[in-house]
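Listed next: structures, encoded as C-alpha cells.
There are two complexes below, and they share chain A, which is joined by chain B in the first and by chain C in the second.
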Partner chain A sequence: MTRDGTELPRPVVALAGNPNTGKSTLFNALTGLKQHTGNWPGKTVACARGWYRYNGQTVTLVDLPGTYSLLSDSPEERITRDFLCFGRPDATVVVVDATCLERNLNLIFQIMEVNTRVVACLNLMDEARRRGIRIDVPALARELGVPVVPAAARRGEGLTLLKETLHRVIEGRIHPAPRPVSYDPELEAAVAELAADLAVLSREGLNPRWVALCLIAGDESIIPKIRTFCNGKETQGDTHVRNRVTP
Partner chain B sequence: MSEIGLPLDLHFVLSRARKCGERLGGDVHDRIAAAVYKRAEMLAARVVQTPSERAGEWDARLDDIFTSRALGYPIMLLLLGMVFWLTLAGANVPSELLAAVFLDVEGRLTAFCAAHAVPPVVHGILVEGVYRTVTWVVAVMLPPMAIFFPLFTLLEDLGYLPRVAFNLDRFFKAAGAHGKQALTMGMGLGCNAAGVVACRIIESPRERLVATLTNVFTPCNGRFPTLLLLASLLTGGSGPAAAAVVAGVVLLGVAATWTVSFVLTRSCLRGLPSSFALELPPYRPPQWGRVIVRAACDRTLVVLRRAVTVAAPAGAAVWLVANTHWGGVSLLGHLAGVLDPLGRAIGLDGFIVAAFLLGLPANEIVFPILLMGYLATGSMVEIGLGDLRTLLLSRGWNGLTALNMMVFSVLHFPCATTLLTILKETGSCRWTVLAAAIPTLVATSVCFATTQVARALNP
Partner chain C sequence: MTLFGLHELPVGCTGEVVAVRATGPTRRRLLDLGLVPGTRVKAVRKSAAGDPVAFRIRGALVALRREEGSTVLVRPISMPGGDR
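Let's turn to the complex of A and B:
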C-alpha cells in the first residue's frame, strides 16, 4: 500500500481537519517545511509529509486533505479515511477551528470512531479571542475524552504544548479515551453484532467497530482494502481461496 | 484460516452486513450523520460562549451585502471587472518593454549568426523560429499573469471568492453544474491550463468533469491579445465600442459554457454521482507576502514554464512549415489551400484555419502564424495596426471575418498545454478527446451559422 504508514519512519502523526482551519499552517509551523496552504488550486490533494524533532524523537507528520466528514465519498475523504484506518498513525491530530467549533466537532467524532489516539488542536484561538468567543477547554476535553490543545498556529502559540502532548500520547503516558457518539439503539445493536464477528481484525490494528459501521452504511470498498492490508504482510496468499471468495 | 491470514470469512461478514443494512433501511448514512450532528450541537452548546452581538455579526453583515440578491451581482461584476481592467491596463507597458528587450537581443543574435557564418537554416529555426516564438509568448503572457494571479489570490485570501461561487451557484445549478465553476472560469481568464487545475476545488466528480471540459470557453490571456486586436480593427479604435465587442464575445463564451454544461449533465455525464456542500469561510485579512510568493511561484511560473516548453518546439516546427517550399509554395500555403473551402464555409479562410491548427501549442502564436502566412515572409512578424488593416482588407477580410475569427478564437479547441493538463487531471484519453472535440464542434457550428445568416441578410 502506498499510503500505508508502515512505510514511514515511526512514530507517525496524522494531521486531519476541516478545510480552512489552518491545518497546513500548523503543518508548516511544526515541520518548518515549505508547503502549500489555502483552499485554492494548491490545496492539499495528496498527503504532504514532513518531520520534526521533539525530545530526541523524530516524528513523521502526514498532512491529510481537508475534509468535513468521513461519510461521503470525495477523493479527499477517501484518502483521509484510508490513511486513518490503514496507515495506523501513532497519533492523530484533528485541527479544529475555534471560531466555529460546532461544525468542526462532527469530524472529530467521526475520526474518534476510527482511531483512539486522537488529540484535538483548537486552532485559531487568536481569532476566537478577538471575536469574544470563549471555550471551556477542560470541559471539551472531558466530554470528548481526548486531550485538547488550544493554539494559534499563525503566531506559533500552543505548538510546544501540542508537541509535548503528542509525545506523551506516543509514549503511552497519556491514553486518550474517546467517547464516540452513540447511535440509535437499533443501529448500535447491529454495529455491535457485526463488530463482534470482526473482532479478530484488532490483531492487525484495525478497529472492528469502524469496519462494521462502514459495512452497515454500505461502504463495501473497505473489504478489498482489508484484504490488501492483511495480505501485504504475508509472503504469499492462497490464490485459489482468494479467487473463490472475491465478493 | 482464510484468505487474509486471520480466522475471518470476509465474504460471510459482508453478506451479514448487507442483511443488517437492509433491516435498518437504506438511510444508515443519514442516521449516523444525524447522531453525530446532534452530539456536536449539544457539546458545543455546553462548552462555547459566544458574545451576544458584535464581532461575529461583522461577517454576517458583510455577507448580507456580498451575497444579497440586489447587490451581489453588481459588486461581483465590478470587482472582477476591476481585476480584469487592472490586468489589461497594467500589462501593456511591461509587455511592450519586454518585447523591445527581446527584439534588441534578437538583433544581436542575428548579427552574431551573420558574423560567424551560421547556416541560414540553423539561424532560421533557432532565432526566427524558437527564439521569436518563445519570447513572444513570454512577452504576451508574463505581465498579465504576474498581475492577474496575485490579484486573484488576494480575493481568495480575503474570503471573497467563495461568495462569488455562492452567488453563481443558482445560475450554474440550473445547468447541472457547480457554483465553484465560476471560480475555475475566473482562473481560466488567466490561463485555461490553470483553470483546469483549479477544477480540483470541485469535490464531486461529475461537476469537476463538466468544469474541466468547458473551461476552454473562457478566453485566456493568450487569446485576449487576439480578441483585443480584432475588436479594435473591427470598430476602428480601442474605445468603449471595442471593449463592448470583447465583452460580448466573452459573454458568448459564458453562454457556451452554460449550454454545454447543460447538455453534458443531461447526456453522457448523467450517471456520475454528485454531492457537495458549499461552505463560506470567514473573511480574513490577507497574508500579503504569502499571496505574492504563492501567486508568483505556484501559478505564474508553473504556467509560464509549461507554455514555454510547448512554444519552443512549436516555433521550430512552424518555421519549417512556413519555409519548406514544394512546387513554389510553402507547406503552410499548401495547408491553407486544402483548408480554404472549410474556412470559407465558416466565414474564415484557409490561412486562418491553418493558423488555429498550427497554433495548437499556444494560442498566443495564432495571429503571428496568420501574418506569416499572409505575408509569406517565412517567420513571425509584428507590424503596426494601420498596415495590418490594409493587409487584411487586401486579403478579402470584412467585418464578418473579424467577428468570426473572434468567435472561433473563444470557442475553439484548447491549446496543447491545456489538453495535456486535462489528460493529467482526468487520467482519461476519452475525456481529453472530448475536451477537444466538443469546442471544435461548437466553434464550427456557431461560425457556420453566423456566416449563413449574414450571407442570407447581405447577399
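Let's turn to the complex of A and C:
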C-alpha cells in the first residue's frame, strides 16, 4: 500500500465508503478494470488502483477498504485513515448507500474532518427508487456542505456527473465547505488550544484540527506516522505533539 | 424499567439502546456501527452455537459476539413479529 499519494500520478482521487455500498463496482465502472468483487468483509484488502481519462486529464483512482469509521483500529480503517490523512488525495469520493443513508453519515462526517475536498456519491439510487426512497439531493448537499452526486454504478448512471464534479473540485472551480462537527465546549477549547500548537503541520498538508482530535482521543500511533510523513525532520509540530502526549 | 444486554434480546424482538457500557476501542466500534442511545435494534438470528447473534442496526445486518453485545443495554420495545 502506498502511504504517500505523491508517488502516484496526479491528480489522485480516493474512493472511500462503508462496506457494501457498491464502492468496488463504482471503481470498476469508472476505470473499466475488472477488479474482483464480492461482498464479504475485508474483500478489498489492499488498495486497488486504476485510472480514467476525463476532459484531457488522467485521474488516478485509489479504492480504499470499506469501513464504518476512521477511528477504530482494524487494518481496513488504519489503511483508509492513513491514506486520507497522509496520501494527500486531490479529492475524496465518499460512496454512500442511498438505501440506508443515515448509517453512512458517520463516515462522511469523519472523512470531512480530515479532508475538505470531498464529494459524496449517493450510490444504489436504482435500489432506493425501487424501495420508494426519495432523497432531496440539493438539501443533503447543503447540509453536508459538499457536492452530492446521485448514481447507480452498476447501470452506469451518474458516472459522467461524478467525473465532471471531481474535475471541478480538482481544478479548484468548486470549493467544498464541509460542515464542521462541533463538540461540547470543553472539548472544543482543548482542540483549539492543541490545534494552535500544531498549526505548523498545515504547511505539510496535514489538518491540525484532525491531528488534535486524534491525540485527544488517545491515539499515539499517529505520532511516528507524522514524523515519517515530514521526512524524518524534527518539526516544531512533532516536538509539540510529543510534549503533549508524553509530558 | 428493566434493561437487558443486547445478547439477551430474543430473536425477532426489537430493543432501543439506552447505554453502551464498553470502553476504549470496543466502545468506539459499537458507536460507529450506529449503536447510540435511541437506536432501535432487532435481533434477526442466532448462529448455531447461539453466539454471535445477527442484529439489524440502522438498515445493516451486523453480527456481534456476546462479549460486545452484553455491553449494550437495551429497553425491549417489541415482541417477535411485532416489528418489520
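Simple rule for what comes next: the second predicted complex is superposed on the first by the 227 of 247 C-alpha atoms of A that agree within 3 Å, B and C clash if a C-alpha of one lies under 4 Å from a C-alpha of the other, contacts with A are read in each partner's own complex, and residues count from 1 in each chain.
Here is the rule we use: a residue touches a chain if its C-beta (ideal position, glycine included) is under 8 Å from a C-beta of that chain, and two chains touch if they have at least 3 such contacts.
Quantities reported herein were computed from a predicted structural model and do not represent experimental measurements.
A.B. asks: Following the superposition defined at the top, how do chain B and chain C come out on chain A, clash or fit?
C.D. replies: On the superposed model, which is not a single observed complex, chain B and chain C clash.
A.B. asks: Thinking of the overlay built on chain A, is A:N106 touched by chain B (first), by chain C (second), by both, or by neither?
C.D. replies: A:N106: touches chain B and chain C.
A.B. asks: Look at A:L71 in the shared chain and tell me whether it touches chain B only, chain C only, both, or neither; answer first, second, both or neither.
C.D. replies: both
A.B. asks: Which partner chains sit in contact with A:E143 here, chain B, chain C, both or neither? Use first/second/both/neither.
C.D. replies: first
A.B. asks: If you stack the two complexes on chain A, which partner ends up touching A:S221: first (chain B), second (chain C), both, or neither?
C.D. replies: A:S221 sits against neither chain B nor chain C.
A.B. asks: Let me test your reading of the model: by the given contact rule, A:S182 touches which partner, first (chain B), second (chain C), both or neither?
C.D. replies: first
A.B. asks: If you count the residues of chain A that each partner touches, which comes out higher, chain B or chain C?
C.D. replies: For chain A, the partner with the higher number of touched residues is B.
A.B. asks: Given 41-49, 221-229 or 275-283, which part of chain B has C-alpha atoms clashing with chain C after the fit on chain A?
C.D. replies: 275-283
A.B. asks: Taking the two structures together, which residues of chain A meet both chain B and chain C?
C.D. replies: 20, 68-69, 71-73, 99-100, 102-103, 106
A.B. asks: Once bound in the complex, which stretches of chain A touch chain C?
C.D. replies: Chain A reaches chain C through residues 18, 20, 68-69, 71-73, 97, 99-100, 102-103, 106.
A.B. asks: Going by the contact rule set out above, which residues of chain B touch chain A in the complex?
C.D. replies: 2-11, 13-14, 16-17, 20-21, 23-24, 26, 28-29, 31-33, 35-37, 39-41, 43-44, 46-51, 54-56, 153, 156-157, 161, 187, 194, 197-198, 200-201, 203-204, 273, 275, 277, 279, 281-282, 284, 290, 294, 298-299
A.B. asks: Going by the contact rule set out above, which residues of chain C touch chain A in the complex?
C.D. replies: 25, 28-29, 32-34, 57-60
A.B. asks: Show which residues of chain A lie in contact with chain B when the two form their complex.
C.D. replies: 19-20, 36-43, 45, 68-69, 71-76, 99-103, 105-106, 109-110, 127, 130-137, 139-140, 143-144, 181-184, 186-187, 190, 193-194, 197-198, 200-201, 203-204, 212-213, 215-218, 220, 223, 226-227, 230-231, 233-234, 237-238, 241-242, 245, 247
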